[in-house]
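Letters A, B, C and D name the chains as they come in the text, with residue numbers starting at 1 for each one.
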Amino acid sequence: MKTYLFKIDFLVRDYECDLQGIVNNSVYQNYLEHARHQFLKTVGLDFSLLFQQGITLVVTRAELDYRWPLKSGDQFWIGLNIHQTSKIRYQFHQDIYNRNDQRLILSSIFTATSLNDRGRPQSFPQIQEALTCTSSPDQSE
Amino acid sequence: MKTYLFKIDFLVRDYECDLQGIVNNSVYQNYLEHARHQFLKTVGLDFSLLFQQGITLVVTRAELDYRWPLKSGDQFWIGLNIHQTSKIRYQFHQDIYNRNDQRLILSSIFTATSLNDRGRPQSFPQIQEALTCTSSPDQSE
Amino acid sequence: MKTYLFKIDFLVRDYECDLQGIVNNSVYQNYLEHARHQFLKTVGLDFSLLFQQGITLVVTRAELDYRWPLKSGDQFWIGLNIHQTSKIRYQFHQDIYNRNDQRLILSSIFTATSLNDRGRPQSFPQIQEALTCTSSPDQSE
Amino acid sequence: MKTYLFKIDFLVRDYECDLQGIVNNSVYQNYLEHARHQFLKTVGLDFSLLFQQGITLVVTRAELDYRWPLKSGDQFWIGLNIHQTSKIRYQFHQDIYNRNDQRLILSSIFTATSLNDRGRPQSFPQIQEALTCTSSPDQSE
């Protein structure tokens, strides 16, 4: 099992399942976003407050590998690691595991950056500092 | 068939169906909100722009009677009427019909009001004027 | 404070907030559905399994009074009571409270029934028995 | 401008926007799924009916490049091409464009396959035939 910087538990809710009786593909992005935002809070960054301050965190690329479905009532957890890939670019590596049998459900990589209030990519010291302690550019997974 | 001030067509999308293979209860609120906002545009009111101007339109009460389910691929339409019930309060009467057989799917009443930037109910002339032409306090359905 | 048969804790997730920065009206139905389904599990009824057995639990009417908004990061809880109103009809009374200040956010009543595999309302002993111990027809709130 | 096998028009609905006032990342997956399912109907394949017949179409990988946001009221269209990459694997190349200025909003690649009723990848003649006429293994974009 890989080691993760941050872990968070979830439970599938019935409204998240689609007509195939499994969690709809798009819902995983909801889970993964919530995991990222909860992680950010642990390093002192609040997605919503940052936005009110004119700093917009955005995803520029998402890669999701769907390995196995989740279904009604499943308990699962998300593991997260973060790597800085440029001055203003971070990669979140996030994996979802079924909590019952630890089966890998999904692996994903989200590339994110920060925009200023004119919508341009910009580096902000508070983000740099908060994330530097947790990531390293040369760290291999 | 009742007459409506405003009508709008929709198509059920597969991701809107839940594990019972029918449109999830909460999704009807999405349909009905979109219908209200599209209606508001026809009288010159834009929900998003109003919010940017400090005017927040909010729903204070929703009543939904679920008569018959919608399922994958169903085409349907929403009919809307509006009644002013006080100086700052409006009721949207919205019904959903299957487009194929005109069967009534759902009937609903949404009570809405406008808040100022301190979160207090307030009457705004631009809303009053836009909606007055379309509703009447004493109008029975 | 009212007493409730069942309580469940939630946390607002950022993707549940809309362009007004508050939880979208329809999302409350998701919360309330999840609370009902989790309550049903405590009395031995599984919404998804029942459906696989040909028993469809459906909402026939929803009434929601929106008192105060929830926003990013808010912690809240839902209290639930249930009343049998006819042989095949149950009412769920569900209230949402902010966990920080116990402010009432929303109160709601959902009327539900059970359908057989031909879509007709039908009473099922396993549902009757599971819910009888928790509700009473003549109980006033 | 690339040429596409299939195009479909959409309108951003306000409930699809999040607290940043732009369409939430996960919602694009909803749009793209609906576009794929509508395309499949044009070649005689119905996602929901196939599932009822024991054929489950699933996404195994998604790549999404977010170029520019969509916001309240934006009209946009999705262009779709399909490539068969193995006996049981198809790639959907899907791009989203703002209808007003034809700006590229998002480009994506979805890899999909078909599962039998035991959850194993399997080739089905009806899918092969329906999709063969529209895709070619060696076709470069």
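One rule holds for everything that comes next: contacts are C-beta pairs under 8 Å (C-beta built on N, C-alpha and C of every residue); 3 or more make two chains touch, one makes a residue touch a chain.
Because the structure is a prediction, the values reported are computed rather than measured.
K.L.:
Tell me, please, which chain's centre (mean of its C-alpha atoms) is farthest from the centre of subunit C?
P.N.:
The chain farthest from subunit C, judged by C-alpha centres, is D.
K.L.:
Tell me which of C-D and A-D has more C-beta pairs in contact.
P.N.:
Looking at C-D and A-D side by side, A-D shows more C-beta contacts.
K.L.:
What's the call on subunit B versus subunit C, same or different interface residues, using the half cut on shared numbers?
P.N.:
At the contact between subunit B and subunit C, which are copies of one sequence, the residues are largely the same (over half shared).
K.L.:
Quick check: how many Å separate the C-alpha centres of subunit A and subunit C?
P.N.:
Chain centroid spacing, subunit A to subunit C, equals 30 Å.
K.L.:
Measuring from the mean C-alpha position of subunit A to the mean C-alpha position of subunit D, what distance in angstrom results?
P.N.:
23
K.L.:
Taking each chain's centre as the mean position of its Cα atoms, how many Å separate subunit C from subunit D?
P.N.:
Whole-Å distance between the two chain centres: 34.
K.L.:
Return the residues of subunit D touching two or more other chains; collapse runs of consecutive numbers into ranges.
P.N.:
Residue numbers touching two or more other chains: 14-15, 17, 19, 21, 24, 26, 30, 33, 48, 72.
K.L.:
Could you pull out which subunit D residues touch subunit C in their complex?
P.N.:
Those residues of subunit D that touch subunit C are 14-15, 17-19, 21, 24, 26, 72.
K.L.:
Within the complex, which stretch of subunit A touches subunit C?
P.N.:
Residues 13-15, 17, 21, 30, 33-34, 37, 41, 46-48, 71-73.
K.L.:
What does subunit A use to touch subunit D in their complex?
P.N.:
19-20, 24-27, 29-30, 33, 48, 51, 56, 58-66, 69
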